[in-house]
Amino acid sequence: MSHIKELIRNIEDLAANLFGKDFLLTWDKSEPELKQVLTVAEALETLYRANRSARCFESGLAISNFRDQSTRTRFSFASAANLLGLTVQDLDEAKSQIAHGETVRETANMISFLTEVIGIRDDMYLGAGHTYMLEVAEALDDGFQQGVLAQRPAIVNLQCDVDHPTQSMADLLWLQEYFGGLENLKGKKIAMTWAYSPSYGKPLSVPQGIIGLMTRFGMDVVLAHPEKYDLIPDVVEVAKKNAADSGGRFTHVHSMDEAFQDADIVYPKSWAPYEVMGERTELLKAGDRAGLAELEQQALARNAEHKDWTCTEDRMKQTRDGKALYMHCLPADISGVSCQEGEVEASVFERYRIDTYKEASKKPFIIAAMILTSRMQNPAALLKGLLKRDTIRKME
Amino acid sequence: MSHIKELIRNIEDLAANLFGKDFLLTWDKSEPELKQVLTVAEALETLYRANRSARCFESGLAISNFRDQSTRTRFSFASAANLLGLTVQDLDEAKSQIAHGETVRETANMISFLTEVIGIRDDMYLGAGHTYMLEVAEALDDGFQQGVLAQRPAIVNLQCDVDHPTQSMADLLWLQEYFGGLENLKGKKIAMTWAYSPSYGKPLSVPQGIIGLMTRFGMDVVLAHPEKYDLIPDVVEVAKKNAADSGGRFTHVHSMDEAFQDADIVYPKSWAPYEVMGERTELLKAGDRAGLAELEQQALARNAEHKDWTCTEDRMKQTRDGKALYMHCLPADISGVSCQEGEVEASVFERYRIDTYKEASKKPFIIAAMILTSRMQNPAALLKGLLKRDTIRKME
Amino acid sequence: MSHIKELIRNIEDLAANLFGKDFLLTWDKSEPELKQVLTVAEALETLYRANRSARCFESGLAISNFRDQSTRTRFSFASAANLLGLTVQDLDEAKSQIAHGETVRETANMISFLTEVIGIRDDMYLGAGHTYMLEVAEALDDGFQQGVLAQRPAIVNLQCDVDHPTQSMADLLWLQEYFGGLENLKGKKIAMTWAYSPSYGKPLSVPQGIIGLMTRFGMDVVLAHPEKYDLIPDVVEVAKKNAADSGGRFTHVHSMDEAFQDADIVYPKSWAPYEVMGERTELLKAGDRAGLAELEQQALARNAEHKDWTCTEDRMKQTRDGKALYMHCLPADISGVSCQEGEVEASVFERYRIDTYKEASKKPFIIAAMILTSRMQNPAALLKGLLKRDTIRKME
């Protein structure tokens, strides 16, 4: 437990203030704020592994609003809420009256009377998810300021069209653990690269989240994809600026081989081109099924031209000492396992499988840290209080 | 917190006994019993706002059985259960084997072995919802008396065909706060009036609940609707009797203008005519789709004859000083916002929007008070115990 | 509470070790281990009825994975988890990405980072449910050994193709209570007999669970069914061996009358023949709808030849003093109530209805005991700790 005391001291040294704020985009947060979340997450994991309770709420709701399917993020959110003493209530739009003419503004207040946090996943449409979260945020501000809500619940972005901060921050926590400290990431080369998948329409938020975050810590970030598989241009600009500010590097190439060359970390993952996602959004809004089917055919055909964008053993040999860390947000499209040809060769994936699980295991603690830092004025004091209380999590 | 001590003294002065009883209809309860629920709700809200835990169960289930869609009541029930330390378990009839031949009697017992409260919403069919709750109640009595159940769970009516007590009691709590005390409601004129909506088949339980409850406290209750938009006759009789008993007034008119004249409070809200709901119930039971479609057409056509029944700025000017309090159970059909022509003009709704949110914010506390008063022998002593324990709800 | 102290002493005397183990099949457990579960269940029920909290987890998830419909087992699992302080999270495969190529191995880890127990119901296909649970178990072992999981969650079989241990153990707890002790079951004749039902494809796990468990305690177990309504042969072998080992008896007959003759307990219940279930599994795998429809017709026609296999008043008269205890896992097919002709005559069922409810009421405590004994190294010490802590469950 002496490790936690050190973590608490580190938190005290940070000039961070996330109290009362939503967590929507990592690039809205300062470096000390990101470090605060990482350190609180580490402290919570340490407490958990020492069988100490991190329960800091006696009651309170954590609302999950999943506008798209999810297993791991759903469970991570549920685990995080439970760890802190909050109870998850799903806002299931199919079961609710939302389709019956309720506005976002009204619903946001109606579900929040005794609510501490709202986790939202809305990554289906370009231009929609982040906008929706801002709308909910505004409604909550209004309700709180006007005395409707006794507290202003925090929003945690569980994946939108722009960023996937719980994923990228969990990835960062994993990298910090793997390389033995955040400072060790300076100068490390990470290849965020497109990879072939037989499916279509995968969101852009993971690669965007990675280039937007990893450029904050002096890393050498390479974004690689075939021509016309662009990300949202604004986010690429954010990555460029971050790299310049942090003393890191951001390179944008169109060759997987170039990206893998001497990389310390590779993150090969499929996504749909920005333009295709834009077109798709328009067709979905218009309810144009024929158009959607045609777009899918075109997109799949275009994907198929890039089947060589895959993480092979040969490519892995070109990385630093042939031993780059392979990362993935899971589930991966594994050639010969989950599909015929996919993002990664089976033997590569299998060698790093446990690593990807460990990567995923950081997410509940990252989400819990996001909740805690937004709800508690003084996270360091809170953690000290937990240490002092010293409640056993599981009786023995 | 001195306010809570006063509230506790008030509870001690009431000759009320809700222990072990269901909350199905407000008119089954005595005036002190209704006041007990209101006062406990106020105490719970005060505790909540003072960041004190109201957790009085270490474990126990709160079952929600929604036989119709719901957002706000679902979340209110979940919030109330969570506030007291109970865990919500949905009885989702689609996922269960209920359709496979289980009787109500059997299911009621099967879900209740460790259950403290069952919240039921069943407002789709006239003659069904209240009857269903009585059936469940009888099954629970049987199971408890015969030693199957260690405790007899309480039933809370979350809306039936007859009454909507969590709504009307939350409305009353809001009125009490707005007008500075229950005694200040004496003589106040409240207009419970039908209003035009482009939808059809809205339940009668809200207007019935309002006229059944507000007549208990000496108010001047006016029920207004077009010819043939009657409520259940028995409930209108209840309202008449209540008014006579409480020294209030109950008037039944067919003019929205007459109802609004000098009103202190207006509650314009659409509902389906009693007779139409009766016909609809028969057609639904018979599975007569063609008949249902025809009935809907007829009912919508009939509704459309009364588009002038809407809450306009002009009508608001006729109320007391032009400043009557506008109420709604939400979501409202707002002209030009959620529909072309609806229950209320947009500018009126917007002016009272925050008030309607505050009105809704009372529901979790009312439901929690209904649970607490039915589960604990001595609510005043319980609240004293909470005060003495003085547990912080959210650590800081 | 002195009764609990006795129960704790009994637990201390048992040479049982269920810590860290899954509960999949009763015949994988030793007699002392089964007794440990029964005794812990009794202690938990005693605590509950004395309004004492059995909460031994401050946080932690209990995952329910129902691959088939369920009411009573779902609520029993939820009640058990809640009693101990765990929060249920449903793994709803429709809402998750499991169908999107995730392997069982991956999902098992992804949902388990902060999880204590996974309850699985998978009884639809012969050869599938138990196998699936073993696969999940292996994945959890792997994740725990390789440091992905901070703890290895326990799996509780909530019904598979082979056994239904939460049902059979709850039944045994009920028999122990009804007959005043486990030792009083020695020599008692129990008739596990097929009965006619108008439905088809009922799982074999209940009769298999009963003959596999009741033969452990010296009972005289008779399995009766029409020709060609066999159970899985391996399980019948288990029952034979158990009977030989325990000094009991196992008889296999094709006459309901023979089974009922002088029986102390009768358990008349429908099931699909082993061979039909095997064929059905193949057809389901092949997606052969026509074949399935034909099989159903054949099976129903074959069932209809055995409508005389029903629990009548006349048959009950042939049991010990005409007063055998009637058992059923519920819901029963009651002639003239839930179907025209079914497993049991209405007057017989009604006489034993409350007994079947009491039988069912044991399940939450059995599941809680299975969780507790698999999670806590020393259940007797844990119970002593609960007694010493002496926390009230529901404040008064």
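In this document, chain identifiers A, B and C correspond to the written order of the chains, with residue numbering beginning at 1 in each.
Note that a residue touches a chain if its C-beta (ideal position, glycine included) is under 8 Å from a C-beta of that chain, and two chains touch if they have at least 3 such contacts.
None of the values given here were measured: they were computed from a predicted structure.
Contact with both chain B and chain C is made by A. Annotation: the chain A:chain C pair of sequence copies touches via predominantly different residues, less than half of the used numbers being shared. Centre-to-centre separation between chain A and chain C, using Cα means, comes to 41 Å. Across the assembly, chain B contributes 87 as residues in contact with two or more other chains. Of all the residues in chain C, the ones that touch chain B in their complex are 48-49, 53-55, 66, 69-72, 74-76, 78-79, 82-85, 87-88, 330-331, 333, 337-339, 354, 357-358, 360-361, 363-364, 391-396. Those residues of chain C that touch chain A in the complex are listed here as 56-61, 87, 89, 91, 95-98, 100-103, 106-107, 109-111, 113-116, 143, 146-150, 375-378, 381-382, 385-386.
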